[in-house]
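The next part holds the structures, each set out as structure tokens.
After this come two complexes, each holding subunit A, first together with subunit B and then together with subunit C.
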Partner chain A sequence: MTFTDHCSRIPWHGAGGALAHLVQTGFGGFYDGMAHWAITPEDVLVVLALTLLSALGGKDRVRRLVFTLPAAWFAGGLMALVFPTLLPPMVLTLASFGLVGLLVALNRHLPDAVFVLLVLVTAVIHGAGNGGAMREAGLGWLGLAGACVAVFVVASVLPALLVRIEKPAGRIAMRVGGSWIAAAALLMIGWWFRGG
Partner chain B sequence: MRWMLILACLISLVADAHELRPGYLEITEVDPGVAEVTWKLPVVGTAREVPKVMFDADTQELTPPNERLTGDSRVFEWKIERTGGLDGATVRIEAPDGRFRDALASIHRLDGRHTTGRITPERPTLVIDPAPGWTRLAATYLMLGIEHILLGFDHLLFVLGLLLIVDGTRMLVKTITAFTLAHSLSLAIATFRIVEVPEGPLNACIALSILFLGPEIVRKWRGGESFTRRHPWVVAFAFGLLHGIGFASGLAVTGLPHASIPLALLWFNLGVEAGQLAFVFIVLAMQRSWKSISLRWPLALRRAPGYAIGILGAFWTIDRLVATFLI
Partner chain C sequence: MLFTSHFSLGTGVPALALASAGHSGAAGLLAHAAHPETADGLISGLAHPVSGADHVLAMIAVGLWGAQLGKPAVWVLPVAFPIAMAFGGMMGLLGIPMPGVEIGIAASAIVLGIMVLAAARPPLWVAGIIVGLFALFHGHAHGTELPEGANGTLYSIGFVVATGLLHAVGIAIGLIHRWDWGKPTLRGAGAFVAAGGAFFLYQALA
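Up next is the complex of A and B:
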């Protein structure tokens, strides 16, 4: 089995057919929610992409991310818990993190308002997908809270570490990371169209 | 500040420390191939459907499960017989809704051998190993220790309170070490039943230790001095003794293998420490990260953890006192 074949068998969640690849840690709903987020590739990659984008933009961007990302994620998740029909299409979920990855690779310096809007929209989309999966898995708001805490911790710690990197080689490595995330999104969109 | 108090009160309504405890399955061989089974589950709400223990096809039930209530647990007892003995038997836990918390299985053989295993939703089947190694016991109790601290929100909240009070890396290391030493010591003392404290008053005292930290945090904000501010490690040690007895009562629900109590206790304690250190590491990493990016939280948010600690401490104290003395 090739790596691609193997990856194509990973159960993606998301909208429309949202499939809850339920994780039971045995530690209760809160930690199940955390674990669920941690093994959902598109959710982890989008947080990573936003982290890289904010770190490339400087401390001010990182400060905005710490506040905005978990709050918008929670809002999106709550929306999906309260209104189960309001789930974003899967292709939008995948395209959104691909776009952020692309912006990282291009090292685009977005205006402040656009950056915040991008974080808000992306986090609401992914939060909604996450919330939908939590509802299907029966984890409810406790699982969502676990996922949001995980997002909050990562959004607090990782960009603060990355923003210190000033050497050109380090920044290039971050951009390479962004290009890989964009490539992963393209692959996943391909599998999604193929029905994988 | 008023909205924050309301928020904290709302948190209190849904907060329940140790609301989830694992089940305990004990299988004791009384005659060759014949065993007594005890399936102990913590009472949660009014749930009538409980996870069932299923054995393989070679096993027959000699008596139907007999149910009784003991304190805060539902206990089912019955007798089974397995052709060829217990070695190699498979035990499976099936929940009516497909979800259950984990369970600790303890199997005692007629010849004195003992097997311990953890049955989780991910791995609901346990094969009774004819020659169990110490690694299985270690893994089981390590996970149990991690679980106990991760679900013990009251213990974590106390540690958070200490982190909010202490200044400086040196004092922090001293304080966390004092807490660790104290609860390791009292965990051992309570497990060997050198000291026995009734669970109700003990839990109320643990809640009181959290409540105690609330005003101390406020005092720190106001620039005040106190014994706790000057010597937080002493407070951590004193209350650590209480928390250790609390850990032991959690362990008592699931039980310890008589033949290897010291080993099980060691691994359980290591699990507790691992979970606690992970929590401390995450909190410190976040604090340091916010500092490095010069993040200034709004005053209300900066003070929320302090108020949450005080209010939850008060809530649990009252709740546990009422549960102990009035219900």
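Up next is the complex of A and C:
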């Protein structure tokens, strides 16, 4: 059986949530959940954008991100598992990481409370999309836990590397990355509204 | 058609289909992968901005001008361009009309080429507005030209990354202005871009 054959499909979430797609790794639900996160560009991009935003903000921001992001992601996922009708609209998912990407591009120094609130809201939105996908795939909380561990690993390793970059060129590269993420989100919103 | 995400690696490459749209199975995915013109993957997204010489010229010219202007324009312009271009792309995708798109694209190459040729140094905000305005035209054209397809996510990412890389190529070329021989050479490149723009303007008006 080829890798393609392993791919399974999940129908469009009724409440306007993300169309999810699950990969069967053969290692069980936990790793399927990890793989699902890794192949969902919207979810990878939002974690990357939050990572860049925290790294630009300094070590304190990175420390706040490390546990806040996966915890809120898990909370959002659990909400979607328990209350299937609470799935966020796709446009909100796209707008959330577009906003974070824009903040990275602008290098806005947000107050601590605003930064944490941004992380919480964004993670809950994307976590809820994840949770809905896991529920549809029958992976449940185990798959969600796998996705959250993947988020935790990236959110702990990548910002730790990026926050050490102090050279202007490196920080500019991060901001350019943010602008690319924001631009991709804008295009995806247009695509979504067109019914692409 | 549903909004979905999956990877496809283009013609002649075995598809690594990681997801599929609700209306199509694996066979459908392979069919998409066999037609890179459809908007269904990262590769087609990467290929789209480089599919037209007018777009390529203008985007490289943004990098040339940014490098010529130096800090902070060297990174402000390439940051501003993709966002403005994506906004234009969104307008195109939504069917919001923009008059004179082809003329605007040709004019972008002419104006940006002249800026490089003249080594113009306007205030940063003026340069940002010039680049952002022309980015809208490019984005709108791309948005309306985007073919129907099953995937928007990776296509959008590839599209933006390719645009950014074209700016990077322009910046890399533009760095020659650090040397004495590089300054006139760079201005010559500006003249080439402007001439190319004039040719495309002629085509647009013909």
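Assume the second predicted complex is superposed on the first by the 179 of 196 C-alpha atoms of A that agree within 3 Å, B and C clash if a C-alpha of one lies under 4 Å from a C-alpha of the other, contacts with A are read in each partner's own complex, and residues count from 1 in each chain.
Here, a contact is a pair of C-beta atoms (placed from the backbone, for glycine too) under 8 Å apart; a residue touches a chain by one contact, two chains touch by 3 or more.
In this text, all values refer to a predicted model and were calculated from it rather than measured experimentally.
> Can A:R108 be said to touch subunit B (first), subunit C (second), both, or neither?
In the superposed model, A:R108 contacts neither subunit B nor subunit C.
> Identify the partner contact of A:W192: answer first if only subunit B is touched, second if only subunit C is, both if each is, neither if none is.
So A:W192 only meets subunit C here.
> Considering only the touch criterion stated at the top, classify A:S179 as touching first (subunit B), second (subunit C), both, or neither.
Touch partner of A:S179: subunit C, not subunit B.
> Which holds for A:R63: it touches subunit B only (first), subunit C only (second), both, or neither?
first
> Counting only touches as set out at the top, which of subunit B and subunit C does A:M90 meet: first, second, both, neither?
second
> Under the stated touch criterion, name the partner, subunit B or subunit C, that contacts more residues in subunit A.
Looking at subunit B versus subunit C, the one contacting more residues of subunit A is C.
> Pick one for A:E42: touches subunit B only (first), subunit C only (second), both, or neither.
second
> Under the definition above, what is the set of subunit A residues touching subunit C in their complex?
3-5, 7, 9, 11-12, 19, 21, 23, 39-42, 45, 90, 102, 105, 172, 175-176, 179-180, 182-196
> Contact residues on subunit C for subunit A in the complex?
For subunit C paired with subunit A, touching residues are 1-7, 15-22, 25-26, 29-30, 39, 75, 78-80, 82-83, 85-87, 89-95, 143, 146, 148-149, 152-157, 159-161, 163-164.
> Okay, in this complex, where on subunit A does subunit B touch?
24-28, 31, 59, 62-63, 66, 138, 153, 156-157, 159-161, 163-164
> Applying the document's contact rule, which stretches of subunit B touch subunit A when the two form their complex?
20, 22, 97, 99, 101-102, 118, 120-122, 143, 147, 150-151, 282, 285-286, 288-290, 292-295
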